[in-house]
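Should a chain be cited, it is by its letter among A, B, C and D, assigned in written order, with residues numbered from 1 in that chain.
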Amino acid sequence: MSDFLAAQDSAGHEHAQPRSDQNRSLWGDVRYELMRNPVFWVSSVLVLVILSMAFAPQLWAETSPTARGACRLENARVEPSAAHPFGYTNAGCDMWSSLVYGTGKSVIVAILVTIGTVIVGVTLGTVAGYVGGFADTVISRVTDIFFGLPFILGALVFLAIFPDRNVWTLTAVLTMFGWTSLTRVMRGSVISTKQKDYVDAARALGATNFFIIRKHILANSIAPVIVLATIGLGAYISAEATLTFLGVGYQRPTVSWGLLVAEGQNLALAGFWHLLVLPCAFIVVTVLSFILLGDALRDALDPRAR
Amino acid sequence: MGRYVARRLVQFIPVILGTLFLLHVLSVLTIQIVGDPVRALFGENAPPEAILEQLRANYNLDDDCLEQTGNPCVRLFVDRLAQYASGDFGINFRGRSVAELFVERFPVTVRLTVIALVFETVVGIFLGVMAGLRKDKLVDNFVRFSTVLLIAFPVFVFGTLAQLFIGLELGLPLRDSERAPEWLGQMLTVTYNPEFPWLSLMLPGLVLGAFSLAAIARLTRTSLIENLRSDYVRTARAKGLTSSRTVGVHTLRNSLIPVVTYIGIDIGLLLGGALVTEGIFNIPGVGQLVFLAIQANDTPVILGVVTILTVVFLVANLLVDILYAALDPRIRYE
Amino acid sequence: MSEILTETERRSNKSPLSGVSFDGSAPLLEVEDLEVEFHTRDGIAHAVNNVSFTLREGETLGILGESGCGKSVTAQAIMGILDTPPAKVTGGQVRYRGVDLLQLEEKTRRHIRANKIAIIFQDALSSLNPVFTVGWQLGELYRKHAGASRAQAKSKAVELLDLVGIPGAPARINSFPHQFSGGMRQRVMIAMALALEPDIIIADEPTTALDVTVQAQVMTLLSDLQREMRLGLILITHDMGVVADVADKICVMYAGHAVERADVYEIYERPAHPYTKALLESIPRVDQKGQDLTVIKGLPPALVDPPPGCSFHPRCAFARDRCTTDEPPLYEVPGNRLSACHYWEEVLES
Amino acid sequence: MRIKTHFRVTAVAAAFALGLTACGGGGGTTDDPGGNPSGEPTGEPGGSYSADLTEPTFLAPASNCYESECSAVLKMVNDPLVSTDFETGELIFDGMAESIEPNDDQTVWTVTLKEGLMFHNGEPVDSDAFLRAWNYSQNPKNAQATAGFMARIEGAGKGPEMSGLKAVDDQTFEVTLSGPFSQFGQQMSYAPAFAPIAQECIDDIKACNESPIGTGPYQMDGKWMHDQGITVTKWADYQGELPANADTIEFKMFTAPTAAYRDYQNGGVDVLNVAPEIYLEAKGELADAILEEPTASLTYLGFPTKEAPYDNEQLRQAISLSIDRELIIEKVLNGLADASTDIVTPPIPGSRDDACEFCTYDPQRAKDLLEESGVDPSSFTLELYFNADSGHELWTEAAARQIQENLGIDYELKSTEWAQYLELLDGEEFTGPFRLGWSLDYPSPENYLRPIVGTGGDSNYTGYSNPEFDDLVVQGDEAATLEESFELYAQAGDIALEEMPIIPMWSGTTAIAASDSVGDVRYDVGDGEIAFGEITVSQ
């Protein structure tokens, strides 16, 4: 999915450059646009629900499936019933609490990876785009090197190094292969912003490079990055599932959506559909929420759409 | 254009060296941290040490630096480069030449990739254009929602469902039927069939291309909407051109520029990332080869094949960039 | 110019319009009570309100006003290239040779564009398609409207570039827009407008983006060609200096209204609307060296929510209470002029 | 001796996890009436069918074959030297050997070959063919996977030729061992390790690997189509005794067991190993058409017996008693296993069904024993080790939960990659119970007891050492009759089952599905494979 982001490059940075004269009111406008967009409201409520599940699962489910005595093997694969609408997992744990407690592992990684790729991408992209010359050449070639390694293959090779795969190792690896696209986006965005009149004007007035970057370049280039990052966030969630399916993601007794899906995949066809459908539904709703939020942000950030 | 290509070719060298080194360090680290891959070939019970040592020597795994965690083993890297330069990509743990393995499997992956690319490009652009032209209408919302589904569903779930419901439920009766044409039944295949090297890759190709299709459709849509608002499209209308020409010639070509960028990146994604699809549909392709090699820490294969893949990826990207330059003259004269 | 199109081509080119009966004696273009609305998220914006004017052969009409006053929208409404939605023509007529273009089917109307009425946009760089050569974009007109072959279209493109004074035309037709200088690009735009020998050219701020020296060259070219071909020219600009030299008549627009219409000399001598007067005073003048420029205070109103009464009253030096309630009609001012000001006499006097 | 292990083929295929596809050695009895045929036996030879297979590692030389994929193919292509009867443990001379005779102290073995045997290419199968193969195999330079099988022969692993291997004449050769070993005959029934090799093959091993030259009832039909298939056809000149009913067998390669099952559903495969991940689905669809057969593979938990608190015998017994094997087998393994009653698995001659006192589920007794042991359950965390991505996580977790619930010991699951797991094993670095599997090389209780719990056993990672136990095993080795040796092995087993350096969990069960067009499908526990040669095709 990182590649998906990269390709948004040209589409993204063209439209999201605010006109210079609107700079000061940009964020005000964005807020105003968002407030009146129902899609924004629906998706942000969903995102808030998901985030609260991720960070405070105890609000949504009483006991963690990893707690002592929480799972009973006797209940393995019991299907949903009126008394127990979500049924039980393959390990005999309550499906609802597994889903709730699994949110953290799946969503937090996605958030951390997004933050990581944004920090790396924005920094390197800004340096490459603004400084140009040798720095640009080096950064661009290094980006190429990481691009040369297809995402899943790269993640596979890399994850094999970590015997103990947790939030941090997964984050590190996904970030490692995700930063490149955002760097490219940011670089392109910065290059086109750099040529704007107001940057020349600021330079003529004797502003320091640091000031120009902070005040003008970042403010005007970061919009596409924010939009793409929210879409990426969604995509990283399904990446976790795929890596787990390939055997290099989380391992039991960790609970994550990816593990549930990977496990439920074969059992669903044996008649235990809830083992696949429920975690997939959680992933789909989450990804949908983040992408819709990204869409709403993109629309709000697009001055010409107004 | 010639100079542009030449410059790009020169830039390949550091990139390939860099990718190679990155891979080299990763696999060296894997051996250092995870353990001796040769020993792992034998399972619970260790064979005589003499045999392990012979095998390590056979696979160039007997260097001391592989015992020192964190040592990048530069000497091994240099040796390997020299070996590659002479066209020798080593042998795998089963004594087979890596180059030979690659040649065996590469055509399959190429066919699969081509099918996926054609499918995702044609259908993706079509959907994107439909959605873009009817922004916020029913078609648009349908495309936007269904593409989110394609992005959200892990590919292995999607692949299994396709295999079961399209390949078996739909395809099997067709294959058994006397009246249905053979090509149709083979197209809706369950597993790869070497007797139908193209047809039986159709369904896997569609599964493989599904995610990118979503990406391309969304890209085309965004890009088309952008361009429809541009000044030159207004000019085209002021020139009294038909609306189909305004969209088809004056808007689409400009809108395809980011799509082409994406396709360039996607070739690499498809080539290497096909392993999930290849596993589901039992396709003996390159992705699976590397996946199995990673499982067995079969370093010669990982390095050799991924190196060749990287070269293919870079060349493909060069071709895409040339296409890109053809589409957008502003790039050509940078 | 007539050698560019052969007689057969001219016929074939006119054929889609053969079902339309143009009245050769009617004025070239009559715009009457034109109204355009924009549906925005903030509400309906009245971009053009009851705008009327007439253009005759060989005449140049200047439409003057600050940005956002509805000049370009008027031009695009005449061309029929408004983005619909959000824009919509809600009233009035646009008569070309007596035929109301707004009543024509889109299929027919399409042929009016470029064949009868052509437009030159302000920003030539963004208005020319970046991915096609200049020659291709010019030739496209001949290929699509006159059925010319690629070779014919190409040779005509060369002739056109020659006509607008681009040196080395045979080589330049293979260049892309971004390879031209600003002035040359604008010449290309002019060439494109002239290609099918239209009767009317609308030039929407044709020189705004150019250097002053280049501005003069382009304007000279444009007015020379206009005279030579007896074109009707509508020159849209915010620059009073530009219109003064070339226009015969002026229409001043403010907040979507035509607030004053008059011959060019009269308007420059004695403006009959406070807005026109303010515009004139904001031109730097050699004889007033050392004095501060007069600036019009405030900003033009939002079209979604214009002030009641005369929309100029918040910025008007002549404004009284009446101006805040009564919308002024177009008063007839002696000298065949019109002014939308209750106190036009007072303005004339001042 | 070593166990053949599968290459972990894919993580998708966590297949071999449960020890289903056994890695068998030993010889299969071909006339075993106890088989459980599925489908309608036609008894008629002829026809062709297809079976699923994972890509083998090597086909030639046979001595490089140490997993069930290649042995499945080689069993068709090669005749064994000798086989072992699983009922009695006696040798059966259905292969190339006319007779195999040890001397009195079981150190010198004389092998006499049958007359007139030849390879597919017409070369004679004589003493030289065996000497060639065995000397090649034991030479460390050639790094053959089964070289360890030669280790007991005098002079093995030291140079190009072993001093203990001599040809007497064309049909007879003599093997001198470095010590007495009564089970050497049974050991030789692991066919690939002791197969002869044709001169043509050893001259161009690479070519031979693509199209092995064998001695068996089938020969290669064309080359090995890597990752796609191997086809074997009946050899017209076959003189041996092994059954070969179908004319052609097509082995189709799959890397994911799910894909193999889909192809079975699609009619592309006739005989299928039903892997655990698709077992439930297949069971739902095929129900009784699935053939379920016990295998000889053992799954167990080992203890680091030198580490506190696992040096406490009663704690080990308590842990064993607190695990509900039956429930785990039912819920996690879907019934595809049998709870252990002995270290030696049921199909092996000499195994017992009541030997393990502490292998039952008895939470109360477990608590009592824990109390007696004096180990404070809250004083430590039970670290349970398993190798990742091989399907062990679910049952180890279930077992850990039961221990937690019944004994109040908190647990932590520790998993590592296989290579790293082996390094930890070799270094005996585990700090808690670890899961391991074992399957036979040859059908003898000795092949379970000595390697797993014997002092310095090849697969003894527990640090356990009991001279009394070792002594009984050696006595068993030297016993004159099989009954005597089984009795002595059983006594040794009792010691291990009392002191519990390992807790046996279960022995595996394999599941096989066969289409309507094939019959006489039987699982050969000795080979750890389906008896492909016996399968008949309805025409």
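For the reader, a short list of remarks on this structure follows.
Following the convention adopted for this analysis, a contact is a pair of C-beta atoms (placed from the backbone, for glycine too) under 8 Å apart; a residue touches a chain by one contact, two chains touch by 3 or more.
In this text the structure is predicted, and so the values were computed from the model without any measurement.
Taking each chain's centre as the mean of its C-alpha atoms, the one that lies farthest from the centre of chain B is C. Closest chain to the protein centre (all Cα atoms averaged), using per-chain Cα means: B.
Rounded to whole angstrom units, the spacing between the C-alpha centres of chain A and chain C is 49.
For this pair, chain B with chain D, the centres built from the Cα atoms lie 39 Å apart.
Centroid to centroid, with C-alpha atoms defining each point, chain B and chain C lie 53 Å apart. Between the Cα centres of chain C and chain D there is a gap of 90 Å.
Across the assembly, chain D contributes 10-12, 258, 416-417, 420 as residues in contact with two or more other chains.
Counting only residues that touch two or more partner chains, chain B has 33-34, 160, 164, 229, 291, 295, 297. Each of residues 160, 163, 245-247, 269 in chain A touches at least two other chains. Every residue of chain D that touches chain A in the complex is listed here, in rising order: 10-12, 14, 258, 277-278, 280-281, 283-284, 324, 327-328, 331-332, 388-389, 393-394, 397-398, 401-402, 404-405, 410, 413, 415-417, 420. Remark: chain C residues 76, 79, 81, 83, 110-115, 118-119, 121, 123, 126-131, 133, 140-141, 144-145, 176, 178-179, 192 touch chain B in the complex.
Across the complex, chain B is touched by residues 1, 3-4, 6-12, 14-15, 141-142, 144-153, 156-158, 160-161, 163, 181, 234-235, 237-238, 241-242, 245-247, 258, 261-262, 265, 269, 276, 280, 283-284, 286-288, 291-292, 295, 298, 304 of chain A. By the touch criterion given at the top, residues 229-232, 234-242, 245, 250, 253-254, 327-330, 333 of chain B touch chain C in their complex. Put simply, chain B touches chain A in their complex at residues 11, 14-16, 18-19, 22-23, 26-27, 29-30, 33-34, 144-145, 148-149, 151-157, 160, 164, 211-212, 215, 219, 222-223, 226, 229, 257-259, 261-262, 265-266, 268-269, 271-273, 275-276, 287, 290-291, 294-295, 297, 302, 306, 309-310, 313-314.
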